[in-house]
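Two complexes are shown next, each including chain A; its partner changes from chain B in the first to chain C in the second.
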Partner chain A sequence: MPVGESLNALCAGLILICAFAIVGTRQVQGVRRFFVFQSILLAAACFLLAWDEHIADLWWLGGITLTAKVILIPWVMKRTLAPEFYIRRELSQTINIPSSLLLALLLAVGSELLVAPITSASGNPVIETNVPIGLACLLIGAYSLAARREAIPQLLGILSMENGAFLAGIAIAPTLPLIAELAIAVDVVLIAVIVGLLTKTIEKTMGTTEAAALSELKEETAEWR
Partner chain B sequence: MRQTVAYNVIQILFVLGFAPLYTGVLSRFKEIVQSKRGPSIFQPYRDLWKLFHKDEVVSSETTWIFRITPYLVFVTPIFVTVLIPVLTDYPLAFAFMGDMLAAGFFLALAGFFAALAAVDTGNPYGPMGASRTRMVGFLAEPVFMIVFFTVSFVAQSTIPYIVQQRWVASAAAFFSPAHVLLLVAFFMLILAEGGRIPVDNPTGHFELAMIDESKGLEFSGRGAALMKWGGQMKFIVLACVFLNVLLAPWGLATGESIGQVLIAIPLILLKILIFAIALVMIETSLSKLRLFRISEFLGAAFIASVAAMIVSIFVAA
Partner chain C sequence: MALIAIVALPAFAALLCWLGPFRKLGWHITVISQCVEFGLAVFIASQVIAKTRVAGAAGWFEADGLSALTLVIVTFVCALAAIYAGGYMSHSSEGKLWRFYAMYNLLSFALVAVPSQAGPNLAWVAMELVTLFSVLLVGFENTPGALEAAWKFSVLTIMGAPIALFGFLILFWAWHSAGHTQRDTWDVLQAAAPAMSPTFLRLSFLLVFIGFGAKTGFAPMHTWLPDAHSEAPTPVCAVLSGVKTSVPLYVILRFLGIVLASPSARMGEWMVAIGLISVAIGAFLLLQVHDYKRMFAYSTVEHMGIILTAAGLASRASDFGAVFQLLNHAITKSLCFYIAGIVLLAMGTREIKSVKGLLRSSPFVGGVLLFCALAIAGAPPFPIFLSEFSILSAGMRAGHVVAVSVLAALIVVAFVGIMLQVNGMAFGRPDLPEVHVAVPQACRIAVLVGAVPVAIFGIYIPGPVHSLLMLAAQQLGGR
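Let's look at the complex of A and B:
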């Protein structure tokens, strides 16, 4: 295996580890940090692919990822959300962390098994690496969306799902029109803005952003907490 | 044949001789980082010397298990030394007697007897610590297993000498994701098995909180010295496996001549010194985990090792 592909595989492996870490971290701040780290790795994988296969579009794509996910989204979240979202120490989860990690592991193994027959037909080692790991990140992100009870980690779950799709995307369709990618990047930032503002408003009226507590919205329970 | 046996003896002497030094350097560094002066790096040697010259007290309530445990704890790391590359990168006389699983088995045997001996004394703190070590042990076991499976997938062998050749072969093999994930998993395993800080506090003498330390409480004199020395050797042996087989398989003697083997000694010591510095950084920047968070720590190690296996099967195939 040449060094370029090997480094790409290394990035993909670390991205997978970040996805696990997003499920397994207890604190909001930690989840955010791992998301940013995952995005940096994603941009690195993008640049590597651009370097290896001489695709000019991918340089732009990596740059867009870097600005949108590493700089803009954390900045937007910081601006829209009050600092107390970050201070809160432990997040509640519907399923405890060790079992969550095991479930995430099952998802990863399952996605490998699911995709392996298709990707091995392509014969391209980058596709063979990125597509299963991208799918695994997507599923793990979806899982953390379901298992977390707080709005911010759920937002980060959606964003890490997008990261997984992106990782698979750059391998399958590296020459996708740049305008589509740009649209996605803007979309992602907008999601962050909307969810951030929404959460802030909910927090203001309800006093909590715990999704489980919001099920009693129909009654006039401002004194729920 | 006679030459390789001689080199094996040098390896054993290396581990025997430098294990206390390693512990001393580690604790000295830690004290320096915490802006204290700390004991001399030769303090562990003095401790051993002192303990060997003290009388041994054995409770009349104990059985033969308590009496043979110090010897087992002392001897098993030496057996492991025979199986792994400590100074040379070519297999020595007994290298093919057993693989990494055998090494793991030897260390587990010592741990098992140490736990039994702790229960044997009837001291209330002994069984408590023993049951905790067993808890850490059974959480660490699957990680060990998966690491070995992955290694055997990647290197087609579990003999440490052959595994080590595999990573030196090319930069691509060294930077392969399976290798990096393995390193992460194995490092967390060393921290857990060696009783280092995120899992256990090696310097803590608070009975209710200690895990590894409580097993040696009842030993005195020669028994205590052997237990201590054995524990130090186990730690340096694990460091050797990690450094020479997995992380940095350079600096080992490649030639057959005695000179090269002797030159390898300071190089390996330098490597272990750098490892000790990294270890001290980690130990001082983390705090000890709560007992029931250990399962999360080792769960993360398990995830890393299984991810390594997935990646090695599906990607590197």
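Let's look at the complex of A and C:
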């Protein structure tokens, strides 16, 4: 296996491990740290592919990823959110961590099985690695969103889903117009800003950011469910 | 040029609202910019009718029938809701109004940006902006209820974004694996679809459907919709329910058009099934709702389901029904929210049971409420009756007897639900006979102007509107 491909596989594998770590960590600080790791690895995968396959756009994309996800988003979150969001305690989860990891594992296996018929037809080893792992990160991120009961880890879950989509994207759509890539990056930063601001307002008005406490609005379904 | 102006103008208006010296003029700036927007959209639509396709900047900003129709719908609702806001917002919150108008303009910028894109790539970005700016507006009133609604809304709909992004990337991949290198615009994608791998197309459509279906409010991802559409300030509810749901649906319809163009990627039956589930959930929830703003929100779930079902039937006639329903839903639902907002201003409660005998205490408000309820429930001679009837008959002619019978039964359930609820609100004896319903002038104007197309389109569809609908229906890919 050529060096470029094996290094790409290493990056993709580490990105998947980060996704597991995001599900398995008990501390907010830890979730944030693993998200940043994951983004650094994503940028590394970008640079690797740019160097290996000589695609100039990917150099830019790697740079954009580094600026947006490694520098801007953590900075934005630090600015909008009070420090007590981070130092505080363990997170509550609806499903305990070992079972969560087991479910995440099933999602990873399932996404490999789901896309294997499509990716193997392409005959490109980078696609064969990145697409299933990207899909797995997307699904694991969605799962962590459902399992976590608090605002910040939920936000980071959404952002790590985006990382998964990007990992697949650099393999299957490396020639996507740069303007679109740039706009997507700006968009992701905006998500962090707006959800961060919303969280801050909720914290100020209600004194908590536990999503479970937000349950005043109910559907009128009691009779038939 | 008009296509670029229509996107740039609201962004510029938002900037003006934010600049210090103009902050007091927020409403005037918004109304002027939104009315000019509507004029531009009508101009674009007239060009599209003449030439079937208009390019602002080839490959980036282009409009065809479906996008022109969406632009007209979006700008019409945004303009009227802006006028309405002048009467409504001055009553409900003081100060910080400039912030409301700045965000409102940003939302309308994002809403028109989606249909004016020539291709999928930037449409995803614009769709995300729509979601983000609506989150801000849903939570605008800062009450616990509004914040909770904004939170649920943001988590469910922003989560859809990366899922849809994956779908967009797979479509791009399919496009390139089929050996194309030029810019992917909606029309070339649709033309090239038969040569693309059906597996790719199916997977891509599925991901986009999950991602943007959450934003449209298809069951079972509809749970945020009644919260957000009832807690937001009423002019925003009208925009959210009338057009913010239609814009992601527009993107889904584009993808559906591409998938249906590939004969081996059968997707239509699934869309019919999912659409019917949404109609069913919306219809049965309508029977037991206690809050009249939530009632109109559930009716949105129902109508989105009807449009999806019609598009899934995939015949020329049902496609016409689908786009006609898209138009009728937007004009009627926004009108429903205008009147609901007026009732809320007068009564101070959103509970259906606490509102009685509106026809006696205020013939104007009670009359318009009854008019809206009949129109949105689909009674003849209103336009929704026409579009629903054309969908049902098209389905019958195409041989989908089961689907059509289920759809017809559910529409009847929804009709009964809405009329039962509104019956008590409009008729009967008011509890407090001396209650004085003051309708702000701006709200009255918005209601009267908004009622014109609702009253006309059921009896007579003007020629240009009809040809625009025909052009739009062609993009849906039925045959």
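The criterion applied here is as follows: the second predicted complex is superposed on the first by the 216 of 225 C-alpha atoms of A that agree within 3 Å, B and C clash if a C-alpha of one lies under 4 Å from a C-alpha of the other, contacts with A are read in each partner's own complex, and residues count from 1 in each chain.
As a convention for this text, contacts are C-beta pairs under 8 Å (C-beta built on N, C-alpha and C of every residue); 3 or more make two chains touch, one makes a residue touch a chain.
Since this is a predicted model, take the numbers as computed values, not measurements.
For the composite obtained by overlaying on chain A, chain B and chain C can both be accommodated side by side without a clash. By the document's definition of touching, neither partner reaches A:62: not chain B, not chain C. In the overlay built on the shared chain, the residue A:145 is in contact with chain C alone; chain B does not reach it. Residue contacts after overlaying the shared chain place A:12 against chain B, while chain C stays out of touching range.
In the superposition on chain A, A:202 makes contact with chain C only, not with chain B. Comparing chain C and chain B on the residues of chain A they touch gives the larger count to C.
Once the two complexes are overlaid on the shared chain, A:158 sits against chain C while remaining clear of chain B.
Of the two partner chains, chain C is the only one that A:191 touches; chain B does not reach it.
Working from the superposition on chain A, the chain A vertex angle toward chain B and chain C, CA centres, sits at 150° in steps of 10. Contacts of A:168 after superposition on the shared chain: chain C is touched, whereas chain B is not. Remark: least CA distance from chain B to chain C after fitting both complexes onto chain A is 20 Å.
Partner chain B is touched in their complex by these residues of chain A: 1-3, 5-7, 9-10, 12-14, 16-17, 20, 24, 97-98, 101-102, 104-105, 108-109, 112, 116, 125, 128-129, 132-133. Against chain A, in their complex, chain B makes its touches with residues 171-173, 175-178, 180-181, 184, 295-296, 299-300, 302-304, 306-308, 310-311, 313-316. Within the complex formed with chain A, the chain C residues making contact are 121-122, 124-125, 128-129, 132, 135-136, 139, 142, 144-145, 147-152, 154-155, 158-159, 161-163, 165-166, 169-170, 172-173, 176-177, 183, 197, 199-200, 203, 223, 226-227, 231, 284-285, 288-290, 294. Listed in rising order, the residues of chain A touching chain C in the complex are 115, 117-118, 121-122, 134-135, 138, 141-142, 145, 151, 154, 158, 161-162, 164-165, 168-169, 172-173, 175-177, 179-180, 183-184, 186-187, 190-191, 194-195, 198, 201-202, 205-206, 211, 214-217, 219-221, 223-224.
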